[in-house]
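What follows is a single structure, written as structure tokens, with notes after it.
Per-chain numbering from 1; labels A, B, C and D assigned in written order.
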Amino acid sequence: MNSRSGLVTFLVFLLLTAMIVLQILSMVQSDRLYERLNRLLDIQKGGVATKSAEEKKETSSLPGEEYPGDEGDWLIWSLGAEPATLMGITTLSSMYTRYIVSGNIFESLLEYDPDSLTLRLLLAESYNVAPDGLEISFRIRSDAHFSDGHPVTADDIIFTYQTIVNPGVDAASLANYYKDVDKVVKISEREVKFLMKRIYFKSLELTGGMEILPEHIYKFSNPEEFNKRISGPVGSGPYIFEKWDVGREIVLRRNENYWGHKPKIKKLVYRIITNDTAAIQSLRAGQIDFMRPLPDQYAELSKNEEFTRGIRCLSYWHPAVGYFWIGWNQDRPFFKDRRVRLAMTYLVDREMIRKHLLRNPEAKVPTGTFYIYGRQGDPNIQPWPYDPQKAKQLLDEAGWVDHDGDGIRDKDGVPFKFSYMISSGVSLHEQIAKLVKDEAAKVGIEVNLDPYEWSIFSQRLLDRQFDAVNLAWGGAVEEDPYQIWHSSQIGNRGSNYVGFKNAEADALIEEARRTLDENKRNELYHRFHRILHEEQPYTFVYTRPEQRFLDKRFENAIVHKLGVNTLEWYVPRDRQKYK
Amino acid sequence: MSENGDLLSIEHLSVEFFTEDGAAKAVQDVSLKIRKGKTFALVGESGCGKSVTALSIMRLIPEPPGKITSGKIIFKGSDLLSLTEKQMRRIRGDKIAMVFQEPMTSLNPVYTVGEQIVEAIELHQKKTAEQAWADAVEMLQKVGIADPQQRVVEYPHQMSGGMRQRVMVAMAISCRPALLIADEPTTALDVTIQAQMLDLLDHLQKEIGMSILLITHDLGIVAERANEVAVMYASRIAEVAGSDALFAEPLHPYTQGLLKSLPRLGLSVKRLPTISGTVPDPLHFPAGCKFHPRCPIGCNDKRCQTVEPELRKVDWWGKDPTLQNCERYVACWYAPGYET
Amino acid sequence: MNQQMQKKPDWGLSYGELVWREFFKSRLNAACLIFIVFLFAVAVLAPFLANDKPFVIRIDGRLHFPIFANLSASDYSVFLAAIVGLTQLRLIRRNRRKIEPSIRSDVLWRQVTISIAVILIGTVSAFIFVPRRLDATDYKSMIVSGKASGAIFAPVPYGYGRTDLKSREQPPNREHWLGTDDVGSDVLCRLIHGSRISLSVGFVAVGISSVIGIIIGAILGYFGGGVDFAGMRIVEIMMAVPTFFLIITIVAFFPRSLLNIMIIIGITSWTEDARFIRAEFFRLRRQDFVRAAVSLGLPLRSILFRHMLPNGIAPVLVNATFGIAGAIFIESALSFLGFGVAPPTPSWGQMLSLGVSTTGRFLWWLTLFPGLAIFFTVLTYNLVGEGLRDAIDPRLRKAE
Amino acid sequence: MTTYIVRRLLLMIPTLLGITIMVFAISRIAPGDPVSLSMGPGGQLDAARAADVRKARMALYGLDKPVPVQYAKWLGRVVRLDFGDSIKHHRPVINIIKERLPITLTLNIIAFVLIYAISLPLGVLAAVKHKKLFDRASSVVLFMLWSLPSMWVGQMLIGYFCGPTFKSWFPPAGLSSNYAEQLAFFPWLTDRLWHLVLPVFCLTYSGFAYLTKQVRAGMLDNLRADYVRTARAKGLSNWVVVFRHAFRNSVIPVITIVATLLPAMLGGSVIIESIFSVPGMGLLAFEAVTTRDYNVVMAVATIGGVLNLIGLLLGDIAYAVVDPRISFESAE
């Protein structure tokens, strides 16, 4: 009797448990159903678009070629810092932001062909530059649509332009480039025309290179509203934003509904690993696939057989590698004098830095602001050598002699002592600064290192509160030296931090901007290059190839003139790791 | 139970404390006998080894640094020192209980007094918790605490010093021990309460029939309450006697000195005599008789300065033969009857 | 421990001497004190132990003394402080023999005040009058090239700011006994010079925190009541604020300098002292000698600091010893996180941070040696603190 | 009891106000203002336009008002847990903290549990074996542990156990592997624990060294106490005496140590989390300080202060609960 009632209780419990389990399962199921429904709906919406695309296919084929290889797998990047935003256009966007969104989520009308380095069509079906260079019109592909199915229209382009130049929007540095745009005119649903105020050789690149934002998503009444939209980017690109797990990762999944050729890799994961050592460890452990190593890391690991068995070490030049420089603030009494600046350059043993700090035989000592393998710079200019004797001689000539016998050079009672601002925590910068300090001491110049956290460092840089500073500039496919070297960019938070002022240089820069013919322009730039070399407003320290580590399971990682393009990579099915 | 009615006898007990500065002989060659149902008093200045003797009986000498180096403690026919720790635990609190000097700190502040009494009862007597609690209340009543039902659940800090000492006594007698060691039970109490406390002990002794080892430095108490007395000086026993005999006719010069310094009714002395000098440091005892530097005889005597007198039984009763009810021992070369 | 309070005149031993004796009973304590003396010696003599300049060198037939010629103002003030400190210690020993016990503490206070004043004035004038010199002449290459001869170098012939990229990140070897760092500076040299930072941060920060703690504690304890209530709220605030975070914030937000770091550590760690002193003064203010002092109409300063303070200073002293260990630890943590003194000034914590290279290669010599230096220094001060506490604590002293 | 707690809570108010004033003051005194920080490298704005933007930003952040007003407004928002937006992350600070705080708390709670789980028995054992080999050895080891700088230990652990140079036993950074979400529960748990081992170790060792010292000292005091002798005299076994009597009394002061350990551990988190790249409050604090993310700095300091105060309060209440000598009513 007793045992039976026990049995009944047990059965009741069992039933209850089963019901609960079923309930949970059904909930999960319904979630899935819902998801699938959503996806279906997506496809349907997209379907409409694709259908229309098919209709038009005769008129415009998709840009580029179908990517080769098997579909599937994920690509996991390592990011050295969490991007502040996923909006590529705001001031706070970093290199990392661009890695994530540019070309993956947001697309522009035109893009650079990675091999010929000429502009080619992307969202645009055609473009037309008026002979005077003052009118640029674009026609948008009819099949181009955002990931939510909305077609890309002329309104989106105008909206994007207006957002960038809106003073309330945090895009001041970008807006600066569009100063020459007078207005943007909508010609039709799919056609826009940019009217320029003056001729500028980069106008096409700038107008065509704008990353288009969907107006229906980003429309705002108050600019702050826009500034606060840092996550959940929506664009027309081959990937869709999936999630941003703050402090951990950002995930993009493939846009199954992409208007162009779909990439093969299903997911792009950006792991945030702030610790450089940890990033390498994770790569070795197979937890990440792709990273940008520090020079030291590359130098050491690319020679390590065990490491290179599973990891491909990519090292390649492209026009945007930029260079590292030490800037001498020309408002300071000592750096006013060209000879002193030149002496400083003579003091920096750049070969030694290249050999022992970078440990990269491919790295080069630049002579100016242009890409060393590009056509803008004058290839005949040779870097100043390391020559402390010459430096001493120049300093003596300039009147900086140790008059009072305290070991420090002085002139008119001003001792040659200056503070050298560095960004704290960047070991390479610190190492170079320590080297400069030691070398300067040897010739009787006292240098005090002044480390600041990046935020303060950049403020002081903008306010030009430094004697000397080191930093790196990134480059562009075609450089316009205006931003960094034109005297109008001194002060008022402009980028001519060191206060380089040279009338001839200014004239050359201005003229080059107006010169549409590339050869003529480059001639002007060669002359400008020579001036920079002679004046040495910076000590150009090094430029080095881009370096990447990539897991060997990825195929088709071709190095173009513009670097690598993750969109064309794939993993053969048998080596795929993630589903 | 030993043949001559002794409940406990200590034979040649020696205890040493090993410190950084050397070995301190806290108790040396102590022998004494406690008779059943009687009160035995152990008297001496502080630091003379009387508390250590008591703790030795309980085997509660902290080891290290202390160590019982030799001797026997025979309790009801068995040597306590040869028992295992486990066997000893069965005796502690059950057969032999102890009341300590400091009522303020001898109770655990975080348990109620009831819990602390019950703990002992439950341990030694196979009783249920309810019975044990009932016993605890009864014990509290027995020691004269008003409203024991209420008090049993109170914490020590809610009670006065006298009350706490009563609780200590209640705890000690809760298992009706054969021997109660009371280590200066009244020193920390007010004078008025002292008497009550001692009366209570007397009363309980009669009721339970236990022996009491009363450790004190107060000769007044000894005279009133003890049947027998042992006087300790510098870790040795100087003299043992029935209390009447001792007070009437002290044999050891130290005892004599102590008694002289005791104020007596009826005698008008302008100034009480004291024993000159101080108690020697147990690390550096003088050679010979330890009392000789302070002794009116020994300070000039070669033998006292070199040879230590052992405790010997003497037959010297002075004038009053009625005092012969107890055996008498003394350790002094010059005591009458010592060298015969 | 030097505190000369006469509690039991007939014992012939002052309280300070008693504590001193008790302290030295333990061989470990003595060893620790010797280690501290060693550390001090290293810090004081750093320019003579590790320097890229020679003591003496013959150039073109003339003798030069580059190390001595290039001693900086801070070197001179360190020497001065060391000499005054040693003199003070001698004076204390002399006091014990020559000065009447009852006035010893007064004499001692006066001497200490004078010593501190001498050090302060000396330091300031050193910084004003000693010219700053810069001499980065490469004497070694002069010898190699035969321009100079007869040089005597320091045992560690490297300068802490000198770079040598060719020999960067070398493990310990015959030339660089403890290896080199990321720009080829000698680790041993940097360790030796780094001891100055650690020790000075320790002492100055604790000095500041003790002074603040004593003053606040004295005022709260003496006045009690409303003053105490308000003061205790401040103490509570300081206790509740996440101290280390506060220090990082202030160090990061304000201009970076060693003095700032010292001051910040000092003003964030006085609460314990204040509480000790407050409790002690609570007890003391009811005692007769304080009442007597008050009734004599002595000024408050005199009552608080001459009459009451000596009775409560022992725990502060113990606390200060632990405080030095704590301050050294905090300074190295700050440097480790990149908030320390500007490079290339050597700091142990900053050296530690270079220990794992970005490639994940473990430069063990850059981690091990500075780490050991911090560890042993902190450990020693903690041990001395512990020893002092045991020596001062009467309960433990006369344990049964 | 309630009145006691209410009283304590009331006393917390001035302290809290003091903390907020201090935090606010530091953020205002510090050079470098949030507006220019938020404007970033502005390229070249026209001077007039830059001034306009600046003015708008000032108004937006409320920086155009007098300082006391700013403080009052800020405090008003803080009370509603609104710490403003992070300048760096462009998100409400409170959301960031909601993500980070649990991580730090998890780490610290694990560390706490471990500290107590190790140090209580160890301290008791050392006290019971006073002056025996175990006691002496453990004292020496603990003292050394107590003096070991955590960043050194962290660095050495990473160097020796997480790197190619020696052993690669543990992951050097983060809280989980990146495929962790796909794992079943137990592998996931193992993975998580594997990541936690070293950071938790670093957070734990000095705390448990300290606490063990305290427990040992307390136990030694209590084992010498008269009531322990009383307990022995009752015939109680050694373990009953140690655990029922001495231990209970030794635990009481140890409870209040919780309150003092808490701020230290939050400080320690800054170091440990930056060494091991654990995305908790410590790392957030560190990053906020280096990027001058004022709102985050202020929030972290305020929340840290409040947590510490709560720790102090809980310590006091726990003390009062455990120790019958302190009665809430008589404490008033």
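Quick notes on this one:
In the analysis below, a residue touches a chain if its C-beta (ideal position, glycine included) is under 8 Å from a C-beta of that chain, and two chains touch if they have at least 3 such contacts.
Small disclaimer: the values here were computed from a predicted structure and weren't measured.
A count of C-beta contacts for the chain pairs B-D and A-D puts A-D on top. Chain centroids computed from C-alpha atoms place D closest to the centre of all protein C-alpha atoms shown. In this assembly, the C-alpha centroid of chain B lies 56 Å from the C-alpha centroid of chain C. Look at where the CA atoms of chain A average out and do the same for chain D: the two points lie 38 Å apart. Here the CA centre of chain A is 48 Å from the CA centre of chain C. Residues of chain D in contact with at least two other chains: 32, 158, 162-164, 172, 289-290, 292. Taken residue by residue, chain B touches two or more other chains at no position, since every residue touches fewer. Annotation for chain C: residues 252, 338, 356, 359-361 touch two or more other chains. Of all residues in chain A, those touching chain C in their complex are 276-277, 280-281, 294, 296-297, 300-301, 349, 352-353, 355-357, 406-408, 424-425, 427, 430-431, 433-435, 437-439, 441-442, 444, 446, 448-451, 453. Of all the residues in chain C, the ones that touch chain D in their complex are 233-234, 236-237, 239-246, 248-250, 252-255, 325, 329, 332-333, 336-338, 349, 352-353, 355-356, 359-362, 364, 367-368, 370-371, 374-375, 378-379, 382-383, 386, 400. Interface of chain D with chain B (complex): residues 131, 225-227, 229-238, 244-245, 248-249, 252, 322-325. Remark: chain D residues 32, 36-45, 47, 49-50, 52-53, 56, 60, 85, 88-91, 96, 99-100, 158, 162-164, 168, 171-174, 177-179, 276-277, 279, 289-292 touch chain A in the complex. Per the touch definition, chain D reaches chain C in the complex via residues 11, 14-15, 18-19, 22-23, 26, 30-32, 143-144, 146-152, 155-156, 158-160, 162-166, 172, 224, 263-264, 266-268, 270-271, 274, 285-286, 289-290, 292, 297, 300-301, 304-305, 308-309, 312.
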